[in-house]
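Look for subunit A in each of the two complexes below; its partner is subunit B in the first and subunit C in the second.
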Partner chain A sequence: MRQKKDLLDLAVVTLLALLLSIAGSARADEAANPPGVAVKIDNFTFGPSTLVVARGTTVTWTNGDDIPHTIVATDKSFKSKVLDTDESFSYTFENPGTYPYFCSIHPHMTGEVMVK
Partner chain B sequence: MSMASLFDPRTVLLAKHAQHVVLIHFPIALFLAGVTFGLLGTWRKRALLEEVAYYNLLAAAWSTLPALATGLMAWRFQLEGQKLRGLLLLHLILGVASSVTIGLVWWMHRRARLWRRPLPGYRVAVELIGVGLVTLTGHLGGLLSGVNGPG
Partner chain C sequence: MRDERDDSADDVILHDHHHDGVDRRGFLKCMAWAGTGALYVMQGGVLKSYAMSALKGGSETAVASGELSFVQISDSHMGFNKAANQDVVGTLRAAVDKINALPVAPAFMLHTGDITHLSRPEEFDTVDQILKGASAKDVFFVPGEHDVLGDDGKQYLERYGKAAQGSGWYSFDAKGVHFIGLVNVMNLKAGGMGSLGPEQLEWLERDVKHRRSSTPIVVFAHIPLWTVYPEWGWGTEDSAQALSYLRKFGSVSVLNGHIHQIMQKVEGNVTFHTAASTAFPQPEPGKAASPGPMVVPAGELRGLLGITNAHYVKGKHALAVVDSSLE
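Showing the complex of A and B:
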């Protein structure tokens, strides 16, 4: 009877340790890969057109239009290829600052990423 | 981003690929007018209308050159010459085909004038193919620029 209780205690402790380690690794992953932010291109506009993100954030633009678009930083720090419908482009912002960008096919389409 | 001014020469000369979007309207309008006047001249047997058609087609053929050049420059500089796909590739192919057809139509009219001969019977077919190509290219251009788009 005593042996059975010890085994049960051991199982509970093991389960708790397992849960704690999973939670810990999830937090570690979160720190290593900060959550990404999505920008949708729809109807010739970037949505949202202005983003405020933390350093190290990856921003992903996805073209929801039937027309090709590009993502080009005004200072040329990042530049996508021509994105057809449902294609995406991602860029990770490592340094603080303001990054205005536009679509080089439709220069009136503009947006801005502010990195804190 | 700096604001562009309509009266600033840099805006006119260097503003992205805006030149192509402006210049492309000249060959389109001149070619469509030239074909219309040409067909009217043949139908009504009016030499003056055929003369008008000839000069419209002449201007159309020459105005394809800056339109083509600025389109190719937009590809080279705005898109850095990257491999085109989809609508952009189709627009390029149709644009070149339209320009060649416009040149061919003008050349047929020129040859008929120089040799004082009537225009060949297949001329109407070539002109209508040209009108179709120009219309399709223009429609794609409108979609690409956003003019014909949902916005």
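Showing the complex of A and C:
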């Protein structure tokens, strides 16, 4: 039994170390890349609805409504799963261009990301 | 229906700017919180609707003598658990109780979509289970946008669309009335509203082509088939084309959901109705920052439901009138 517990402890410590190293590398990545940009969905509106970002920027949409929404590129180049309340979707824009998008459930909700 | 007619005498059209039979005052008056369901009775080809809670006393006889009675429920949003209603199971059960309390069991039910909130299998299962408790055993569904999330409607079709065409449209006949269930929640385009699409429109044209113009037509679909409020996407882009195929018919009734409030309108041979939700109310067009669920004070939710009568008056120029009194 004693041996088993030691093994378990070792496993927990290893897992913790692994998690810490992952967190560390994530921080390093953030420092190297442009900061992420947030778009909040409130009242069936993308805020801001037009974004201008540098190449490599990660945009994160978060749904603040009581109703699910989606983020779908008009040209289908990116597409989120259905976002329920407080759920998020991120996409990194690698190439310059203009990316119009909309909510496929409520298509009157539209937005645009311009990548320089 | 005693009092409703008297009430309706006040609902005259004052200013008909759009020549559509509805002025702004009439339009607003047409909008009201309604019951947890509505009962429709075909009488002489004219569809009349009654909020279920109004069906007591003397009105029962009139309903019972209808040629065909059926019930529409809508927007049960099973799985929704936010502030606007944390007991959508309870309110759907209440709707079923109202159906079962009707003096004459309706022939069948129509569910005009948003059966579920997130298209989850257990949400569909719960609704099916609750509706099994209704006196009307047959339920005819059309999907709402919440029923086709993530899988383009695959699960919906497996459950309810085995005998349907395309993404779930179909028609059937009951006591001489031709019912048409349409799907306007698929393949929506950026910036647009509801959409039927060319394939479904072609099917509709064929479906009604050889029917006699005296056949009463009932069309049901989730999103309104007239433009209620484009700023919130409350309309169907290609509905005008669909309605053009129905022009020859003397009586066309269009039943929709989606906007979680009762609204009615008559345009030529067509009467449009939207039903209340069994789950939560939504604001009147433009009266809130968004069309999202409307939170009402605790204890008032059910009190807002089931209190509005609606009936249709035969005649080309008659405005459909809704008694919009609140309890």
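What to note about this one:
Throughout what follows, the second predicted complex is superposed on the first by the 85 of 116 C-alpha atoms of A that agree within 3 Å, B and C clash if a C-alpha of one lies under 4 Å from a C-alpha of the other, contacts with A are read in each partner's own complex, and residues count from 1 in each chain.
Basically, a contact is a pair of C-beta atoms (placed from the backbone, for glycine too) under 8 Å apart; a residue touches a chain by one contact, two chains touch by 3 or more.
Since this is a predicted model, take the numbers as computed values, not measurements.
After superposition on subunit A, the partners subunit B and subunit C are seen to clash. In the superposition on chain A, contact of A:105 is made with both subunit B and subunit C.
In the superposed model, A:67 makes contact with both subunit B and subunit C. By the touch criterion defined above, A:82 reaches both subunit B and subunit C. Of the two partner chains, both subunit B and subunit C are touched by A:43. Overlaying the two complexes on chain A leaves one subunit C stretch of 5-13, 23-31, 275-283 or 311-319 clashing with subunit B, which is 275-283. On subunit A, the surface patch touched by subunit B in one complex and by subunit C in the other comprises residues 43-45, 65-68, 74, 81-82, 84, 100, 102, 104-108, 110. Subunit C contributes residues 80, 82-84, 117-119, 145-146, 149-150, 188-193, 230-233, 289-293 to its touches with subunit A in the complex.
Per the touch definition, subunit A reaches subunit C in the complex via residues 42-45, 65-68, 72, 74, 81-82, 84-85, 100-102, 104-108, 110. Within the complex, the subunit A residues that touch subunit B are 43-45, 65-68, 70, 74, 81-82, 84, 100, 102, 104-108, 110.
Those residues of subunit B that touch subunit A in the shared complex are 1, 15-16, 18, 78-79, 82, 84-88, 143-146, 149-151.
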